[in-house]
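Below: one structure in structure tokens.
Chain lettering (A, B, C and D) follows the sequence in which the chains are written, and residue indices restart at 1 in each chain.
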Amino acid sequence: MREIGRHLLWPLAALAILLAFNALRDPAFFHLRLVEGRLTGAMIDILNQGAPVLLLALGMTLVIGTGGIDLSVGAVMAVAGAVAADLLHSGASTATALAAAVGAGLAAGLWNGSLIALVGLSPIVATLILMVAGRGIAQLVSNGEIIDIAPDAAILAIGRGTVLGLPFPVLIALGAAAALAGVARLTSLGLFIECVGGNEQASRYAGLAVRSIRLAAYALMGVLAAIAGLIDAADIAAADANNCGLYLELDSILAVVIGGAALTGGRFSIAGSLLGAIIIQTISTSILRADFGGRSVPVELNLIIKATFVLALCLVQSSEWRRWRPLRRSAAA
Amino acid sequence: VFAFASCSKKSSSDSGSESKPLVVGFSQIGAESSWRTAETKSIRDEAKKRGVDLRLYDAQQKQENQIKAINSFIAQRVDAIILAPVVETGWEPVLTQAKAAGIPVILVDRGVKVSDDSLYTTLIASDFVAEGRMAAQWLAKALNGAGNIVELQGTPGSAPASDRKKGFEEGIAPHAGLKITRSQTGEFTRAKGKEVMEAFLKAAPGQVNAVYAHNDDMALGAIQAIEEAGLKPGTDILIVSIDGVRAAFEAMVAGKLNCTVECNPLLGPAAFDAVEMVLAGETLPKNIVVQDRVFDQSTAAEVIDSREY
Amino acid sequence: MRANLTRHWPLLATGVVLLALYIGAAIAFPGFRTWFQFTRLFSDNATLGLAAVGMTFVILSGGIDLSVGAVIACASMMLALLAGELAWPLWLAAPAVLAAGAAFGAGMGGLIHIFRLPPFLVTLAGMFLARGTALLLSPHKRIELGSHDSVRSLSLLHVADFTLAALIFLAAVTLSALALRWMRWGRTVYAIGSDESAARLMGLAVAPTRIGVYALSGLCAAAGGIVHVIGTQAGDASIAFLLELDAIAAVVIGGTVLAGGRGSVLGTLLGVLILAIITTIPGYVSDLDSWWTRLIIGALLLLFVSLQRVSQHWREE
Amino acid sequence: MADALVEMREIVKTYPGVVALDAVDFTLRAGEIHALVGENGAGKSTLIRILTGAERPDRGRLLLNGREIHARSPAEAQRLGVAAVYQEINLAPDLSIAENLLLGREPRSRFGWIQWGEMRRRARQIVRSMGLEADVSAPLRDCSIALRQMIAVARAVDQRARVLVLDEPTSSLDAAETGRLFDLMRRLRAAGLGIVFITHFLEQVYAVSDRITVLRGGRCVGSHAARDLPRLALVSAMLGKAASAVAAERASTRRADCGGAARLVAKRVFRRRSIQPFDLTLRAGEVVGLAGLLGSGRTEMARLLFGVETRDGGTISINGAAMHRHSPRRSIRAGVALAPEDRRAAGLVPRLSVRDNILLALHASRGWLRRLPRRDQVALAEQFVRSLSIATPDLRRPVAQLSGGNQQKVILARWLLMEPTILLLDEPTRGIDIGAKEQVESLVADLRVRGMAIVFISGELEEVVRVSSRVVVLRDRAVVGELEGAAITAGSIMERIAGPAEGGGHA
């Protein structure tokens, strides 16, 4: 655990720098106000906006931990949203709609997992299939239209409700993170996932149920993606099959990597991914909020800043970089 | 040895006399918005009505896919091609092929830039600049010529986004009191529209008088952002957008949206009229402009039931 | 001979399934049989193909390059800027863009090699950088060449119905296949992908090879961007979004192993053609809702990779 | 010294938490074979990795022919005339044998194209000159570990270097191949090369080397001419204590009767292209040695018994239960354990800690929900680290950072703590030092007495003779004979391995 702690040092420092920058630019950045029983403020916004990516990053952490990857998460979000909205539209109860959406996510995850663990396709190709087809399925379900979720549906609470002033999406995301971290710590699941990602053959020899572990990771990813999809749909009160979760797969992968996981599998950190997701959302939000002399910053800078930031972060973390510095110093001496 | 293409023989455009149905290829951009879906539906329905065998390819916003689709239409010798081009340039090679194969091409909803305008038969489209101008004129009147406006742009670089921006700027130019204080892309989607609007409201609380959104979806997103900020959309902040989809009318009836400028996606009948005319050997005007109207809350309730999309 | 057959089985299997797919499509859809459609399979997918060729090298070396789509877009913008707005002649602008692409790739390769950063991460950052740069190059996110006659005439050029793009793609495949099989550099790529630390301990030139591989990928992507500009007479910052995923899929379908060390460019050619056929087929199917395009592509992809998998399994037995 | 080919002076190398080398001096002369010996983790591999430029020392000087060099990479060292075979075979498994032999030095035409025909011809020549038989265009991954090791040696030798470093080259070779390798080393010595030779086999040390340098705990504890250093003195130098207790009570155990209950029964089990149908019965309290040449099918047999690979036919029952859909998981549940021969590929999870690697099988058998409390984990792991004397600074260290022999011990620990009823050991003593080897051997004897059924595979015939109560001999992937009790001698096993007709006379 001490090693993990050290791992989090740099991402934490990065987040601190980002927040400090924002606080300097905008003194009210850290202010939290209670408006109509709802906490508002930039920090809450970041968590609220970042909730879907955060959920995806959690699942992606496990999937990447097994040495895999899931490109279909955005599409799965869309499917889940579409399923829920469609059912609500045809008069189903909220509970049914929610269950069906999560079930759809689970099914998608199991589908991916089976293709990878049982059929033996490579994760990139297997999930690419669902990435392409998934949006098609979502459109099929929603008949190609943006389905409005009736304004009185309880489902909207997922997107907008609050508990003790905290927005519901934030609670869901942080709750999921805490639950996952707990499971990883208190059971052997985390270890198993790291084993499968670290050396599949050795895991098999040691008697691990490699296939089931893979399957479980993708299934959980599917469920989390579905929840993220529900949050997204509830947030805009509509299921938008075409745009829901678009490109979020990249952000979630990035979050996991910032959090210090090895993309080749075998090492991951839930807390790290959590931080990674928050960092990514903070960058986006900072750019949206920042304005220089009345002009807003072009969004495309978002990409460049994100990239530079991530690269710099990983560079200072790399052992080679640390090795280089004394070398240069001794060369100067 | 290089040679320029002289690909195919004359296509059989005499199919009208036989019992075999017309085969028409439709290269559609994608399904990114309700408007686009309505357009696709209109063309499919019309094809079904007229007994046309339609080949529909959804290009997922990619020009390379659209070109792929047109090439496959050429290879299977369809009788005509309908193209909704995602961008304006780069169509010359593929349209040259179509022309050489003797297949007429009807453009819908935006134009193309080609050096030889015989490469397509006709363009059926709305005037995006005019739409932007109409939105500006309505807003200028509603605001009495003074106020801070934030703009939610469409996808950067797309023709509707740049034309609607241009038209709107032209429209407010005479009114010195009207200022666009912020302008960001919401990428034509509801979620982005909401996110950007939230940021706008946070950055300058209480200073936004009106929102101009390049399409209805973004406006609907912005409405939610406004509501969540504790303001009343349509009252505290005026909202005007373009497209005129059904959801926009519902929002107007609910008093949350002030005005939408119609951009009619129901191009099916016009497109197939054009196909039949050109196959019958008639000449068509190069440009068929679709008439668009402005709707606001005063008319919304009456019209809403007649909206098809 | 027998041994050779088993060794090249993945390639053969891919070839056989490709053939089956083509014949199937040709039987179902008369238009598919035409020479015209055959040549379009190459022309319409030349950009993807070029990216996939570069990607083959990267994957063979055990890495991955997620930046290619963005580099294609950025290269197209740069070329349009240089040749269009700055009116450079094409023979000057195109090499400049190629060099920039290669340099960008080499930079990423350098970071990956020297600082031992994961390729996935570096090239993901590279993707954001290149895409961001492409978007910043013009406020309209798109630069049209206008009446650039040399580009226009290039775009209309054909040899036996193959467009210039297709020819460039095929040339790249040929050259790459030669380099991988007959050059020490190519063999070193395989060795690195097979076991990097072993390659180092064997005394092979790991650093230049590794960096060279990413440079080559950047170069191929830039070539893809150039081909795109020639085809469409415009640079566009939003093209080729997530094209890297298609490129990776083509490489993997072509039998190259993602872990590195095994595979071939010829396989990649087959992989690209398979994707090409799969994505063309929806254009032949009557009256379907637009989402069927995606569903058909997904289903065909699944069918195909499963077939391939089954054939591999069958050989192992 | 005029004839010092390599001089290493005051070499210091530290890893986090470990001083791998502490001011080590090492001198290699031209025309000598210089054995480097020491316990697991003594620093042998580290020293030679520094010599070959694979690793940079923290301090110290390296002189080649009296000139100081700063090789920063193996490539540079190779140019300077230092060739090496590393402990973990470092070749490219996906490339062909020919390429692995010649990569970096391929014959090329004037334009730089590789000449494949010439390359294969030369590779065939090299392979033949080593007395091997192999299709040089076959990919290396299809070769057995032994063949790979020989190919690695061939590659190094063929570089015509002045200094040749061999880190445990014989760890998976059988007697004949080892002999061939020694002939080759002697020839090279005659040609004036300096050879560094690392091994844990003392006979081998005395068979070929001229000088012996002993490392202990990262320090050089002496360098002597081989004939001046008696065996016992060498052992006590390595272990750092008077080694009189080395003589053990081995032979006595074999006499004990071995007619316990049948634990594992295999009938007509086979797998196409890897092993012919064989029968095998394992009883409680016996050690069955598998003997055979390289590639004779011993590993394959163990893998089939464990269920790593699906058999094409035959039946296996374990402790009375028939194994229908066989898999390692089921085997483990039935009480079987397999310590695999290829520790890097099939044994270790390199990034995980020593503790997790030791406990992996236990965790797996308990399932994900029933996690062992942390305190028990530490206690168990510590117990085995102590009892097998695994040299590691702490339990949290990633296992990849241990020395090769200690990694092997980690895998042994993993299976021993499972307390299986049937233990399959595939080359369990590969690369571990003599002290530990004694330990393993006596451990096996111990477990046998406690009623475990054990399969013991080893390339070292004497070892098989020492520990087994029954020996099954394999040749060309088929069982060709069985020996029991007093009939087990190195000679009789060799006969079975060699003689084609003799197997039939049995039974």
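By definition in this document, contacts are C-beta pairs under 8 Å (C-beta built on N, C-alpha and C of every residue); 3 or more make two chains touch, one makes a residue touch a chain.
What you see is a predicted model; the values in this text were computed from it and never measured.
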**Q.** Chain labels contacting chain A and also chain C
**A.** B, D
Q: Any chance you could check whether A-D or B-C wins on number of contacting C-beta pairs?
A: B-C
Q.
Farthest chain from chain D, going by the mean of C-alpha atoms per chain?
A. B
Q) Whole-Å distance, chain C centre to chain D centre, using C-alpha means? A) 43
(Q) Roughly how far is chain B from chain D, centre to centre by C-alpha average, rounded to an integer in Å? (A) 71
Q) Any idea how many Å lie between the Cα centroids of chain B and chain C? A) 32
**Q.** Junction residues of chain A - those touching two or more other chains
**A.** 139, 144, 262
Q | Numbers and ranges of chain C residues touching at least 2 other chains | A | 135, 289-291, 293-294
Q: Go through the chains and record each pair that touches.
A: A-B, A-C, A-D, B-C, C-D
Q: Would you pull the chain B residues touching chain A in the complex into a rising list?
A: 30-34, 37, 40-41, 181-185, 187, 189-192, 194-196, 198-199, 202-203, 217, 220-221, 224, 228, 230, 247
**Q.** Residue numbers on chain C that touch chain D, as the complex places them
**A.** 3, 7, 181-184, 187-188, 190-191, 193-195, 197-205, 261-262
Q) Taking the complex as given, what residues does chain A use to touch chain B? A) 35-36, 42, 45, 49, 139, 144-146, 148, 160, 232, 235-238, 240-244, 285, 288-289, 291, 294, 296, 299
Q | Complex contact set, residues of chain A against chain D | A | 3, 186-189, 191-192, 194-195, 198-199, 201-209, 262, 266-267
Q. In the complex formed with chain A, which residues of chain D make contact?
A. 306, 308, 328-329, 331-333, 338, 340, 345-352, 356, 360-361, 363-371, 396, 414
